[in-house]
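Right after this note come the structures.
Here chain A shows up in two complexes: once beside chain B, once beside chain C.
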Partner chain A sequence: MNLTQQLINGIVLGHAYALIAIGWTVLLGVARLVNFGHGQMYMLGAFVTWYGISRLGLPYILAIPLAMLIGVVVGYIMQRVLLQLTLKQDLVSIMIVTLGFGYVLHGAAALFFGSTGQILSTPLSMQDIYWGDLWFTYQDIAIVVVTILFFAALKYIIDRTRLGRLARMVAEDPQLAELAGINVKRVYLGVFAFEGAAVALAAALVAPRTPILTSMGFEEVIITFVVVVLGGIGSVLGSYLAGLALGLFVAFFGAFVSPAYAMAAAFAVLIAVLVIRPGGLAVSPGGR
Partner chain B sequence: MSSGLKTVLFAALAVLGFFVPMALGGSGAIYAACVLIAIFAVMSYGLDIIVSDLGEVSLAHTVFFAVGAYTTALLSASAGLGPILSLAGSILVALAVAALLGLVTLQLREFVFSLVTYAVAVVAATIAQNWSFLGGSDGLRGIPLFEISLLGFSARNDQELWPVAYLLLVVAIYMVSSFRRSKLGKAAMMVHLNQRLAVTSGVDPQRTRLQVFLLSAPITASAGWLYAYQRAYISADVLEAYFLILMLTAVVVMGRRLLLGPLAGVALILVQEKFFSFGGYVDKIILGSVLIVTLAFLPNGIVGLFAPLRSLFPRRTMPLGKTIPERS
Partner chain C sequence: MSTRPVLEATDLKVAYGGNLALDLPCIAVRERELVGVVGANGAGKSTLVNSLLGWSRGSPKVSGKVLLDGRDVSALPPHERVKAGLLLIPEGKLVFTQMSVEENLASTMDGAPTDQGRRRYSTDEVYSLFPRLYERRHHLGSQLSGGERQMLGIARALRLGPRALLLDEPSIGLAPRLVSTVLETVRSLVDSGLTVLLVEQNVHAAIEVVDRLVLLERGRILAEGPASEMRDDPRIAEAYLGAHV
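Here is the complex of A and B:
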């Protein structure tokens, strides 16, 4: 039953990938911004959760909001620094600055948390479920359930609420939105704070699957690129499907070819898509 | 300033630069720092023409650096070739990789281009860590001394390697400066600033991009070539984010399109790291913060800060086009 086991792994991984990428999806789709420090923010979220549980003795359910709160603070500070560049829509500089932020976060986290690897164990990740000869944990179930709920709520907010309409308007035409009396800066700050919270949530849920290191984060960035680009930049539903597809691809590639090269292979797929269909990358304003 | 005078001045500066480590006391640590500054400056000059002239941000330049270093390690340690052949090999492999990457990313611009080049760098790092041909996570050891038997030259330490490093640096700066004066350099600037104008003036933007890419990669790769000899072993850490952040910071910190900007930038960073270090992690925070502050608050770099001072020294404005003869 190896095939079914891989299918389960792929579905769990897929939901994890979609959740890791969702902050970027919204960032690009709603605000047309990028964040190359995304991977390091994931790392920070994982370590704050770990710190909350093992050092502060918080229950897991409280460590998650703590990590998200730190994520919001980091995202807000980043956008505060970037604000002038954002208003000028200087994407190239924004990219490099966020890369710099990632580097600073890595240094700061290593200084604070130490550079040794840690295991983030949660009450859910300790409980295995055996179903015939299939194996998974309660953590895996939590990842799938939270991802589905998160995506459904986000889709509802972007499509149907006033907040979503505001964000979409800013994405479509920042100047016009400004004229219409919308505080564009606040929307940008809000979107970046959301990105911080979303990636911290993803880290708190997904990081217990593997040991955590302050030097991690690069793989998560590649995952995010692939999900965001394959899903059609900025599309929430597209990201979900792309995440799922990538998860299945990585699970099967890892099982039948080589786990070490799974990411490289996923990236090769991305390159192929980019070469075949460079026009398909157009940002759809509003992130729908 | 006339161009003849400029050439003489630059030549004098180039000769004087060679004696900088001696003037600073000539200790082993000084030579080590100077050799590294020269190597990393050459590495940054490759990226400089992409960022400053072409206006794109390539995050795959660590790959070219690694290509130079790994090719050199394989050719010298395994195949027993000398430095000149390993340099030729490094340049050839770098050109091949740059051509491939350039063709794949030809249609991509701005952040999608950077995104793909960043992904290339991350994937290259996983490949270097896992592929036994490249030594896996142990890396490649046993790179011989830098020896050119034809000239009877051998470098056993950084002091003896300094002439090579300095020569490489001068050649790289010369290449960048000739590139900026060349037709290709002008075409790149035009593509950067106004692509439509470039197309209507008969410049093919994609060809220009590819050519600049092919010029840039060997410069960065030649830095990797010398770095392999300097360190005597190479591992996947040449693909670490440190080199990427170092290059980017060096290119922007002084101000863009300044010929000696990347060199001054690298020198500033390495002097801090080698002589005023606060430990690896704090140094990381400092380097990252310098990059952030420069881009977010000093769009014209450190030199731009002093721009208002220039108005204190009124200069004759250079005439555009032909000079109009003065009437008497």
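Here is the complex of A and C:
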């Protein structure tokens, strides 16, 4: 067994997990919302990227913003429908509605893209890199680099810019934020649109690693859930570290024990962590 | 002092679940006036200022007209009323506790207010008004004392360029010496041009600084008049002691 190869696999997987989860992290941190349609939004992002490349003939670099744009539209529509529930913080109804949205997206995607599996080939995924016994692709490098840049930019925006400050105000106390002249509804809409764009970006980068199906999405929601909770709800840095830790755990557990039980083992760790630290490994409201 | 009301509400009614909590035919605050609203617990003081802004942590049914400089703002959501210059410093949670004093004072609105009569204080101006905040500028809101939070709440409002300021129970939880300091600061802000509606349970402290006093009982105006005339009004004591029926 090549430990270094497992380390590389874990790092790539970890960055992929973190990128898939970041939209939900911000959604939870700022709006205290959950979106169980997150996995289907990931699926949609993957298929729109695939459609852009294979049907519209777009270069990969343009198919990504197309997927993000569709993600923004879906996120915006979802939040428009949910707005009253959001303002009332009716979490049970929000869970059910977002779950329903996921199924609607699944059905619509199957209708439009078909139910057969597809391969999302990109110029990066087809270029292998060999270093002695080690193997990875340019797609893997893109996942790691884009994730780091995305998280760094997001951290900067949240901590240092006016937009981030407004988001943190809404996260801490939406009613007090209203008294500061902030349009809280618009912030909620923006956060959902951001989630749509972020998960589409993740899909466009990560989905080329595996075949894509319109029925996928469940595993992505579960991974997101683990990352967001482990990282501490709303913590950007926590999500990054939790994603990385989960990726390394899954890679090494898969190599040493069995890939079939990796996710079950990850949940066992999640339970243990939550028993010891109910707020996750890092807690910071407002997505910091 | 001009007689033109900066803030005026007519036929203001607020009900929680069918129970009428406030029923005011008219209340007005004129330019550079400090009006105190006093009354016992449950008199409807906080309900009044919250309804003027259309803001509440509950879900009351509000009707009536709210005018700011003659402009009907009743249909505007709270954040739009804030942009129009009507600001509320609520009772209890005044500041963002996860943010530093500096961040609390950073503006949330683009551009300076251009409306007549509005002055948006700069950060330096609020620091000179409250030097203690400058000393504590790198501290989180959660690390401030009650008095410092009250100062920060007022300073935050000044940064937004208030045309009329609604101040809800600023003395709650403060030491008597601090109550005087906070209320005297409010008085000096009014003297320098601000228009304020002050809700205060501590009637003795309030009467020392306000121009006019409104006594509320069970959501209705029981008495009102210049502070000098209201000082010895027996209805105030009765309202607080519950003797008046």
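Just so we're on the same page, the second predicted complex is superposed on the first by the 279 of 288 C-alpha atoms of A that agree within 3 Å, B and C clash if a C-alpha of one lies under 4 Å from a C-alpha of the other, contacts with A are read in each partner's own complex, and residues count from 1 in each chain.
The working rule: contacts are C-beta pairs under 8 Å (C-beta built on N, C-alpha and C of every residue); 3 or more make two chains touch, one makes a residue touch a chain.
Every value quoted in this text rests on a predicted model; they were computed, and no experiment measured them.
Judged by the number of chain A residues each one touches, B leads among chain B and chain C. When the two complexes are overlaid on their common chain A, residue A:L87 makes contact with neither chain B nor chain C.
Legend: residue contacts after superposition of the two complexes on their common chain; A:L166 is shown touching chain C, with no touch to chain B. When both complexes are overlaid on chain A, the residue A:N183 reaches chain C alone and has no touch with chain B. Of the two partner chains placed by superposition, A:L124 touches none, neither chain B nor chain C.
Once the two complexes are overlaid on the shared chain, A:I157 sits clear of chain B and of chain C alike. In the superposition on chain A, A:V269 makes contact with neither chain B nor chain C. Touch criterion met: A:L99 reaches chain B, while chain C stays clear of it. Chain C makes touch with chain A in their complex at residues 53, 55, 57, 77-79, 82-83, 87-90, 93, 96-99, 103, 106-109, 156, 160.
Within the complex formed with chain A, the chain B residues making contact are 55-57, 59, 104, 107-108, 110-112, 114-116, 118-120, 122-123, 125-127, 130, 241, 244-245, 248-249, 252, 280-285, 287-289, 291-292, 295-296, 299.
Taken in their complex, chain A has these residues touching chain C: 162, 165-166, 168-169, 172-173, 175-184, 284-286. For chain A in complex with chain B, the touching residues are 34, 36, 81-82, 84-85, 91-93, 95-97, 99-104, 106-108, 110-111, 115, 218-219, 221-222, 225, 229, 260-261, 263-264, 267, 270-271, 274-275, 278, 281.
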